[in-house]
Every structure is written in C-alpha cells, then in structure tokens.
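First chain written, first letter: the chains are A, B, C, D and E, and each begins at residue 1.
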Amino acid sequence: QDPVRIGVSASKTGPLAGGASGVLWPNIKLWAEKVNKAGGLKVGDQMRPIEIVEYDDKSSPEEAVKNIQRLATQDQVDLIIPPYSTGLNLATAPLIAKYGYPQVVSTGNANDLDQFVKRWPNTFWLLGPAQGIADGIVGTLKDLRDAGKIGNRVAVVNVSDAFGLEMIKTGKPALKQAGFDIVYETSYPLGNQDVAPVIASAKAANPDAFIAYSYPPDTFALTEQAQLQKLDVKAFFVSVGGNLDGYGKRFGAAANGVLIMGGVNASDPVFQAYRKEHLAVTGQEADWWASPVAYASLEILQQAVEHVGSLDKQALNKEIQSGTFKTVIGDIHFENNINNNNWTVGQWSDGVVHGVRATGNIQGAQPPVLKPAWPSN
Amino acid sequence: MNIPRNELLALGAGLAGAAVLAFLPLVTEGFWLSLSVNIMLYAAICTAWALFSGPTYLVSLASAAFFGVGTYSVAIFIDVLPFPALILIAVVAGALLATLVGLATLRLSGVYFVIFTLGLAELLGQIVTWVQTNFGGTIGLYVFTDFTETHLYWMLLALTVVVFVTGWLINRSRLGLALRIIGNDEAVARHVGVDTARTRVILFAVSGAFIAVAGAIMAPRYGYITPDAAFNPMTSFLVVIMALLGGTRRLWGPLVGVVPFTVVMDFISGHFPNQTAVIMGLAFLAIVYVLPDGVTGQLETLFRRRRSIDKSLPATTAEEGR
Amino acid sequence: MLEVSNLGVRYGRHVALDGVSARVSKGEICVILGANGAGKSSFLGAVAGLVGTEPGTSIVMNGKDVTKLDAHLMVEEGVALVPEGRGIFGELTVAENLRLGSHARRAKADAGKMLDFVYGLFPRLAERPRQLAQTMSGGEQQMVAIGRALMSKPDILMLDEPSLGLSPLLSKELFKSLAIIAGEGFGILLVEQNARLSFKTADRGYLIETGRIVGEDTAPNLLNDAKVMSAYLGAVAH
Amino acid sequence: MSVPLLTINRVRKAFGGLVAINDVSFEVTKGELLGLIGPNGSGKTTMLNLISGALSPTSGNILLSGQNIAGRPAHKIARIGVARTFQLVRVLPSMSALENVVAGAVFGHNRLWGAEALALARDLLERVGLKGREEVPVAAMTYIDQKRIELARALAGNPHVLLLDEWLAGLNPSELRVGIELIREISEQGRTIIMVEHVMDAIRSLCTRCVVMNSGTKIADGRSADVLADPEVVRAYLGDDDA
Amino acid sequence: MLILLTGLLLGGTYTLIALGLTLQYGVARIMNLANGETLVAACFVTFWLYTGFGIDPLLGLLVIGPGAFVVNWLIYTWLMQPLVKRASNRGMLEVDSILATFGLLFLFQGLMLQAFGGSYFNYEFLAQPFSIMGNSFGLNRVVAFVAAAVIATGLYVFLYHTDRGTAVRAVAVDPRAARLVAIDVRKTAAFAFALGGAITACAGTLLSTFYTFNTSMGVIFTMKALIIVIMGGVGDVRGAVLAALVLGVTETLVASLLDPGLTLAANYALFIVVLLFRPQGIFGKRPA
C-alpha cells in the first residue's frame, strides 16, 4: 500500500527544542504508531500506512520556512503537522497556506487570531485565543476572592517572549477589570533562571496571589525560589512547565495546590488510557495539558481525512472548519477556525493535575483549593 | 590607475554569472528556490562581512545585530512606508550602528573585539524585547507583503552584486590598501600615515549597512518578527564559519564557502533529521582538518603549486600573516 | 661536552645547513661567525631541539646521544639557548621569567644560588623584579633572556647575537660576564656579529657560509687571519 | 645658526611611577644627522615614540617647523612629515616588497597614488639595493633586506624628519658598511635624520652631532667627538677601555 | 544586603561557568565554543547518576571531574594538538579552534540529543533554605558558591604560587619560549585544557542542582563564559572571578531595583563599558 506521507518540521535543537521534545514529537510518534498498528489511515476505502517525514527547524524561522518548502515541493507530502510555538506557526503560515495544507496548531496561540484566520483560513487554533488562557486564572482568583477566601493583592510576572507578552497583554487588564490590586509586576528575559530577585520583590509586596506567565526553566526556578523564600500565598500560579509531569515529581508534596495554566480532566478514562499509552510507546510521561491537545490535533487530521475520504486539501480544510472530532480532550468543533473549549487552569494534587477552570462547554472541572503553606524541608 | 585585464575579465564573468543566476526562478521554484534564497542571503552577508573582517583580521560577530536592525527597520515601518524607503532606512540604521560600534571599539583588538560584537547583538535583542514589553504590548511584529520567494531571491542577488562591486572598488582604492596595511601591522599603518580609526569605521559601516539590507529583505520571509529570531546569535556564527570556510583573502572567497556549506548542511538536515547535529559536527571537524586554509586557500595552494612547477619558482617560506 | 656532527637542516626544499660539525668543551667559549642567513640561528635552534634535523645528524651531549630530543628535554641535558629575538615571557614579571628559568629538574636545587649569581651579573634585574618583562627596554630584555637561560644551570649556554641592541658598555660587560661564566665551568656557544669583541673573549671560532662550515681555528689565529679580518671584522674606518 | 626644524621642548614621559623621559630639550636643524645615544633603557626609543606620535608626552612640546605636534595621533604626524623605522623590524608580512614601499608613498607626507606611487617605490627599492626583488613577499626576505624595506618605506613618504631606531643593529660588519653608506647618502641628499644607535662605528662615521641620554635625562649634547670623549658619557655608556 | 548576597551567590555561579574556559582559552589557547556543551553534558551525567543510581551529586563530582579531565585530555591531544602544530601563529590557531570546537559543539549536542532527547530535565537536591543574616537562600546555590570559591582559590594559588602553575602561564604567554625553559608544552597545554574541562564539568554538576537544563542550552553558558573571560582579561583567574562577581551583583541590582527585563542588557552594557575603559579586560595586560 502506498503510504500517506505526513510532513513535520519542528524544533529538535535550539531554544524551542525543550518544549517541542516534551509535547509535540512524542505525540507524533505515539499517533503514527497507533494508526499504523490499527492498519493505517483510512483514505476513502483504502487503509494506507502513514509515513512521517520529519525535519528539525533548529528553532529558527528561516529554517522552518525552508523545511515547509521542502515538504511541500520536494517530498510532496500529503499532510503537514505544523511546528511548535506561536512564532514559528505564524512565520510558516503564509507558506503552508500557499500550498493549501490545513495547519492545525496545537502549540501556539495569539490574541488577534480573528484577523489571522481571515487572512489564512487554513489555520486552526486548538488552544483558542491567548485571551481565554490568560484570563482563566483571573476568573479563578476572582471566584476565590468573591468567596472571601483570598484577598485582593496580586503579584504578576511574565517571561518576555512572544508567549509571555501575549499572555500579559490580556491578563493584566483582566486583573484590573476584576478589581484586583496589582502590587507587583515585572517581566524577565527568556532563559533566565536566576529569579531570586523576582520572588524577593514579589514577596516584599506582600501579595495574596502570585501569577507567573512563565516558561519551563523559569517555571521551575520561580517555584523553587518561592519555596525557599517562603512566598506563602493562597494562590500560586505558573504557566508552561507547570503542566509537565516532571513538575509534580520535582516538587512532590510542595506542588500540592499549585495552580497551572491549562489542565485536563484527570478522571476521564479516555485521558487516563491515553496517558498510559503515551508512557508505554514513548517512554516518557504525557503532561497535564499540552500533550493531549497536541495528540488531539493529530486525531483531528486523521478524522478529517476519514470523513472526507481523500487527501484533497481544500476538502480537508472545509471539513476541519465545519466538522466535529472526537479526541482525547473531548469533542472538538472549530468556530471560525478557533476552538473555544479549553482548559485554562489546573491544580496539582498528590501528583495529579485536575482541571479547575475551562472555557466553553468543558465538563469535569473541580473546585480550586487554597494553596497550603510551602512545606519546610 | 588602469584596470588590469584579468580583473576586468573577472568582473565581466561575475556580472555574466549574476545575469544567468537571475533566471533561476524561471526554471525552478519551491524548495530549490527557497534554498537559493538562503544561499544568496549568506552569500551577501558573508561577502559583506569579509569586506571588513577579511583585511582587518578582526572577527566581527555583529552580523546578527546588523541583520536584526535591518529586519526591524522593515517591521516597524512596513505599514507606513514603501519598501524601497525601508531599505534606505536599513542602510542608514546599519551604517549608523556600525559607526557607533566602530568608534567605541577602536581600541579593542583581537578577541576583545570578537566578544564585544557578540554582546552587541544580544544587547540590542534585549533592548528591543524590553521596549516591546514595556511600550509595544506585543513582542512580535507582523510583516505582511506580497513578495514571493522569487522577489526575495532577486533582491538578494542584486544585493550580492552590489556588495561585490563595492568590494572590488574598495580593493582598488586607497581605502583597500589602507586596510591591508592595517591587517598586516596596525602600528606600521599608523606610522605611514594611515588613519586607522577612520578606515576601520568607514569599512565597518559599509559592511554593516549591507548586512542590515539583507535583514530588511528577509523580513517579509519571517513574516513575524521577534527579537530572538532577528538577533539570533547563530546568524553571526554561521556567517563567520562560512566565510572562514571559503577563505577571506579573496573577494569571492566567502562565496566559495557559502555554497557548499549551505548545500551540505541542507543535505544533512534533509536526510538525517535526527542525527543532524552529530553528522554536522563530524562534517565540520573533517572540514577543519582536511581544508585547513579554507576552500580558496586550498585552491590557491593548488594553483601556486602548478605555477611554481611551471616556472620553477623556489618555494617561499612566507607565512601568510593572518 | 657537546659534539655535533653532520648536522643538516632544511626548510621545505631550502637546505639551510648541510653536514655541519662542531664541538664545545667545558669552560670553553666558542663563537660562530657568518653572514646574515648563513644558518647560524638554524644551527643553534637545531642543537636546542627547536628545529628538526635531517637524518644522519648526530648530537651528543656529555656522552649521551640527544639527537632526537625535544627542546624541553635538551634543557634537562644541560643545553640552554638565548634565542634570536630574546623569547622572554613578556606578560610575566622579571622575577617570574627568572624563576621559570629554573623550571628544569636539573636546576631546581640550586635555583637560589643561581638567582643571586644572575642578580649579581645584572643588577638592573635585581632592581626591577616585579616589572613586566615586555615593558623593559630592549637591552634590559636581553638581560632577562640571558639571566633566564643561566637559571637552568646549563652545561652549555648558547647565545644568539646577545649583544644585539646592547650599549657598548653593556656589551663589554656582557662579554666579561661570559668570561666569568665560562670560568665557572660552563661551555659557551655564541653567535655574534660583533666579531672583534667576541674574538677577544672567545677561545675558538667557526666560520659558516651558506650552510657549511668553511673555517675553524682558535680565536687569536682567526683574529690575525687577513681574509677573516676583511670578511667578518669589517674595515670600518675609525 | 639656522632655524631648528624640530624642537624638543622640556618633554617628559612617565609610565606610572617610572619617568622614562625627564624634561628633555634639544633641537635639530634642517639637514642634520643627529645621533641619539645612551645606555639601555635610557629613553631613546621612548623619545622616538613621542616624536612619531606612538606615545603622547606627559608634558612638554615638540615643534616641527614651529608647529606643535606633541600628542597628535601618529598618522597625522606621519602626514606632516615624520617617518620612522622600528627597533625590531616591522614589515607588512603578507605584502610584496613593492607594496610595502607603496604603502609609505600612498599614505605618508607624499600622498601619491597610482603610477606615481609605483614609480617612486621602484625607485626607492633600487636605491636601497633591492632592485629586481619588487615582487618578493617580504616575509621570505632576510633580516637585512627587511630592514632595507623598512627604510625605503619610510623614505617613500618623503618625510621632513626620518627617525631610525637601531637600524644598523644586527648587521654584520660588511653589511654594516653598506648600511652606513646608505644612510650617509640619504643624509647628503638633505634629509634630516635622527638615529638611535649602539654601533659606535656608525655614530662616529656618520653623526656630526650627538645627544646622549641617561635614565631619561639628557647628559650631553654637542659635536660627536666632544660628546664621546665626555667622561660622564664614557662612564655611563661607552665604558672606559673603548678601542 | 539581600541584593548583595543574592548577587554574590549568582556571581559564584558565573565564576564556575567561566573558570574552565579561562584556562582553556587563556592557557591552552583554544577558544572552546563547546564549553557550554561540556557543562550541560555534566548536568546530564549528574542527573543520570543521581536519579539512576542514587549517587549524590557532590560525590558525583569525584567521578565527573576526573572523567571530564580524561575526556578533555583526549580531545586536546587528538583534536586540538594537530591544529596547534600546524598553526603558524596565534591568529590562525584561534580561527582553527573556533571552527573545530564549533564542530564539537554540534557533535556533543547531537550525542546528548541521542542519549537524553531534547526535553527539560531537573531534579531536587539540597533545595533547602539556608539562612545567611536572616535571609534564606537555596542551600544548593550556597554549596555551589563555596565550591566556586574553593576552585578559584585553588586555581589562583596553583597558577601564581607554584612552579607548575607559573609554567602553565608561561605556556600561555609564549609556547615557543616555554620549551626553552624545559617546559613540556604539549603536556602542559593538554593539562590546562583538561583541567579547564574538568572545572567546567564540575560547574555543570553543581549547576544542575538548581538549574533546569536541556540539550540545547549549552550556547547560553558558553556566551556567559566568554563574556566573563574576556571582561576579566584573557587567562586571568582573578579577573574572571571579579568579572563574574561584578556581573552577578549588577544583574541582581538591576533585577531588584530596576527591572528584571533589563538584566541581560545591563550585563552587556557593563561589559561594553569595561572594555571601553580597559580594552584589555579588567586584569588584562596590554600587549607591548
């Protein structure tokens, strides 16, 4: 059988490799293996095996663009799995659009997606607009405050890269609008793990809640420093990195009560099965937010092909725009190319993350609990 | 001075070659064109880099800084000004930055200059990030144009030609002689009356302006400009590596490095996406040991050997001053 | 003490030295004369192990075959060289330069004694032990270089144009010092342009021309040889 | 006495605590060949460095034709008309003999370009005895030939004042003879020269006048014969049993 | 006070990052662009020893230090020695070593990628508060600081107060002349390179106790190290330490009082200012 060739260009080296290797690559592997084990991808009435053609974009837009070109014109792949990160997705969008492939983005989001989607109607945004994710924590805090459980004082920090800025851009106005008092606010450069001064200053401002729109290395560093310096707040929120299984392992009991960006329905058996498979096939644990989303993006591609019955790009785009897909994160339906049903906040509890807040119609959220004081060790 | 015949020939051949290359987009598109854009990009930058670093032996890692300045010249003003004006802004910005840096680094030599220039790209990247964070609201700037790869390719080709012609003119001028003297011995240069400071600064500005233009031309390809990408230090390193690989003693030296390097790298990353780093590392080591003098050096040694056999010239014991 | 025979050196295709033989005994001062480019420095370099030699060369030091030894091992065998251009460590202090002179195992024990000897010979060095060598004047640097070579307690001290750039007074004193050093039992092998001065101090001399020895005799004989007179001593009016 | 071309006026140079030149004054008239001598470390090279602009004086003036050049950058001084050679030869190693000399012609006081510069350089190479070796890379040349290159390069700028720092050092006696003749010739053509030298034969046969320095101060200044007989000079510099 | 202490601790970290390169570049004259990869490799090995075999990172130093020494010795003798031999001057060696170690950088990175993948790693070790003057700091950082102090002092004493160390510096200044004073230049340079590599590896081990790392992170460390080495004056241990401490304190000052977003900018600005006033680095010596 003629295999279906699926191209992927994402980071294996460079600054974005850490994220891509944790979230994107393993799921591609898992998915490909699963599909092929099941006999292949159903294209019309044929079952065709899938073949992954992968390139490293070295975390650079130049390389990413060239890779997409290669995939489209040299390898002439049937489908493309888009790169990791907002920036590279935006940079490759024009080219992917030129060749007409659907671009189902699972690891990127931005605020002005509406415009973007108009320009490139073949792009689909699983994580929804940045706003939803950024504001989730604000809603959670608001609920807690309105219930009289926490005070009004919030410290908020962000990593100054594309992701952090998109987040703070809506997160901060949302906090203000919700009537919070921002007692400390700062940004720090990407890659900075020496965040003791950040936590010290935050602590000096004596906040009730701490929000970090952060990235993996600094997520860990901020948490470690908060614990060391005993920044005891009732709500402690970190972003990308907090969702990694390694976060729970690294901080153990201290992670209990930490709020993270995104989440899952941990009690959903579909998710639990997915987690098991992920570990078995890739040898590494799925995380508690992005992994299933990345996996879902592949399921969407798969189902779109099955629904359409061919690899016709235009038809696929149409199908993704209008169809509904059953995935590990539930049923997905894009509205104007954007998925509006997303987990936005999760919370660690004994090595597991439970979603505590979501947008749209997602079910299974658990009520957030207040963070206990950091255990002393 | 009248122009020696062989130089005229070379010039003619170069222009003819460029004219032929201009037809490339008509025969191929897609991947090969993309690859050619990358090649042309580095051809322009590396040659521009070698204009300064070749004769002065001062290894500049500021390419990323100039490139980023060019990219941002476009990103900031794309919505308000026509593209040619943006190129002009890039020229001015690049030259200005180079002049400032040139003036600041007059006293630096050798490795101090290297690291200073490395820091420069980082510094600019950080400042842009900070400004965007605090005043811009978003970190990325969209650059939407109607340029296709073909347009980018033509612009880069034109830039490369301009760089070459400029380089050729410089080599034939007082400026070029002054540079060679400085590269040989700066103290001697000063004492024979060369204004070493001015010479260095002018040349750095020329080189920087060209690299900035390359950045400006590439901005539409990036589409979404972030400081990390625009001021990526890897750019600086790649430029140096390719130029050194080719050899910087001739104007066309860097070009000889760029083409095989880009093609080989691409081959490796295309065929061994998971072992790219290992293979690239090994390939690199191999190159260093097999081609100690850069490709042009190797070619020249070949030529020299032939010539010296022909005319039975005695082998010189000259050690090329690097 | 030092026996060199049939020494050859080539740089690429250029033969710099061809079948050169020479010897230096204990307490003896030998001088090598020759035009620029005759191969004098190459000879010293070859003996010191800095320059590779051709097959057939034999260098014997204190009865031991040392032909193939590398430079640092030659020092241990008792051969010290003050090279052309001095070769001092510019970014180290005068004292450090001298201390390094006694880095050789053979010199460690007597380092203190040798240092006193060197400081006695060149009081300027004793005045400025902490100055960076590269900021010393040309002549001062020459003193550092000679001092450093002496610190290795060599059996044979080889000097390549040591009086180059020294004031007349210092040159004279240098040669006096060399006489003293030889008197202590060191053998000295010297390349010099200042033939008149060196022949006054030297015991024997070799004449070298385009890579070959063309003459050898005792210093007084050479000094009286008319041909040598005109070729190497010059007839500068005064 | 004619007007001085070069006036050194209470010049002082200190390196940190070390005073290398201590308020030295002297004058050089046009066409003169002045010997600047003194023990090692007495400040001769430093003096040349001050005149040529390699260093700038801590205090004092240096007047060339009445114009103060002290502390100006070296390349400006070179253009005004001061050329020099270096104590340790400095050639431009990757360039040919001809190009080395052209460098002086193009950027020095002369500021020639093109055919003129080439012609002058050829001419000068011939004068220093390197005719026919124009295209040889200087790195492959012997020490004395490199010294010749240096001299030709300095002359190519057509300087008012030529500074020679131990230009004759390291030459063997027959080469020395040639060198001395060369300098004499240049001097006789009217060029003003200051030469630092330890080779007394050369000083005696070339210089009419000498300035003697010791530990940064001028200890004697006058006709060579007188100066070299000065007991203090003999004690500090020559040594008593000079033949 | 808190700022100062935090800054000094950070400076200690930077010292660790830079000391190895000081030796490799300053003495062995190899501008080792793979320095950061060596450091990251040590992070991984430490991680592997700790999580796989329960070997305490501090004990791990005893394995990793000597191990890195041997590996770097081999790298020097096999890969760098030929370059040193064929280089006719320092500039050429600089160019060659940049090219060669750039290759090494990729090679190391590729090997780590094969072995560990690209994800982030970290583990918990001594992440306990340690109180200094009423402020609490991570014990792991304090340990690293102490180690930095010990290594730097040891290195200083070695280089400036032992014969062997003076020999090492002599090789740095003039390898040709060094042979004339009975120094085995090859061995000494290999020793310096290997020692530098070992120190860098130890730095990696210590840093892994409080940093999150992945395969791609080496370049960041290399750049930091280069800047510190240059700022301090090539090959000068005192300069490197001082530069590292100054950087640490400035960064912390800026982060605490101004804006953490400006730390890197401040860092480079400082670097640039230092070079403007002392073009040869804080302790660098002006070439004659």
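By our rule, a residue touches a chain if its C-beta (ideal position, glycine included) is under 8 Å from a C-beta of that chain, and two chains touch if they have at least 3 such contacts.
Heads up on the chains, UniProt names are B, E = Branched-chain amino acid ABC transporter permease; C, D = ABC transporter ATP-binding protein.
Worth saying up front: this structure is predicted, and the values here are computed from it rather than measured.
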*Chains touching both chain A and chain B*: E
*Of B-E and C-E, whichever chain pair has more C-beta contact pairs*: B-E
_Distance-maximising chain from chain D - centres being C-alpha averages_ = A
*For chain B and chain E, what's the span in angstrom between their mean Cα positions?*
30
*Could you tell me the distance, in whole angstrom, between the mean C-alpha positions of chain B and chain D?*
42
_Mean-CA-position distance for chain D and chain C (Å)_ = 29
*Residues of chain D whose C-beta touches two or more other chains*: none
*Residues within chain A bordering two or more other chains*: 12-15, 160, 187, 189
_Multi-chain contact sites of chain B, meaning residues that touch two or more partners_ = 126, 129-130, 133-134, 274, 276-277, 317, 319, 321
*Which bits of chain A are touching chain B when the two form their complex?*
12-15, 54-56, 58, 60-63, 65-66, 69-70, 72-74, 86-87, 90-91, 93-94, 111, 119, 160-162, 164-166, 169, 187, 189-190
*Please name which positions on chain D make contact with chain C in the complex.*
15, 37-42, 45, 87-88, 142-144, 166, 169-177, 180, 198, 200-201, 204-205, 236-239, 241-243
*Touching chain D in the complex: which residues of chain B?*
1, 174, 177-178, 180-181, 183-185, 187-197, 316-321
_Complex interface listing, chain C residues touching chain D_ = 33-37, 85, 124, 135-140, 142, 161, 164-173, 193, 195-196, 231-238
*Residues of chain B that touch chain E when the two form their complex*: 57, 59, 104-105, 107-112, 115-116, 118-120, 122-123, 126-127, 129-130, 133-134, 233, 237, 240-241, 244-245, 274-285, 287-289, 292, 319, 321-322
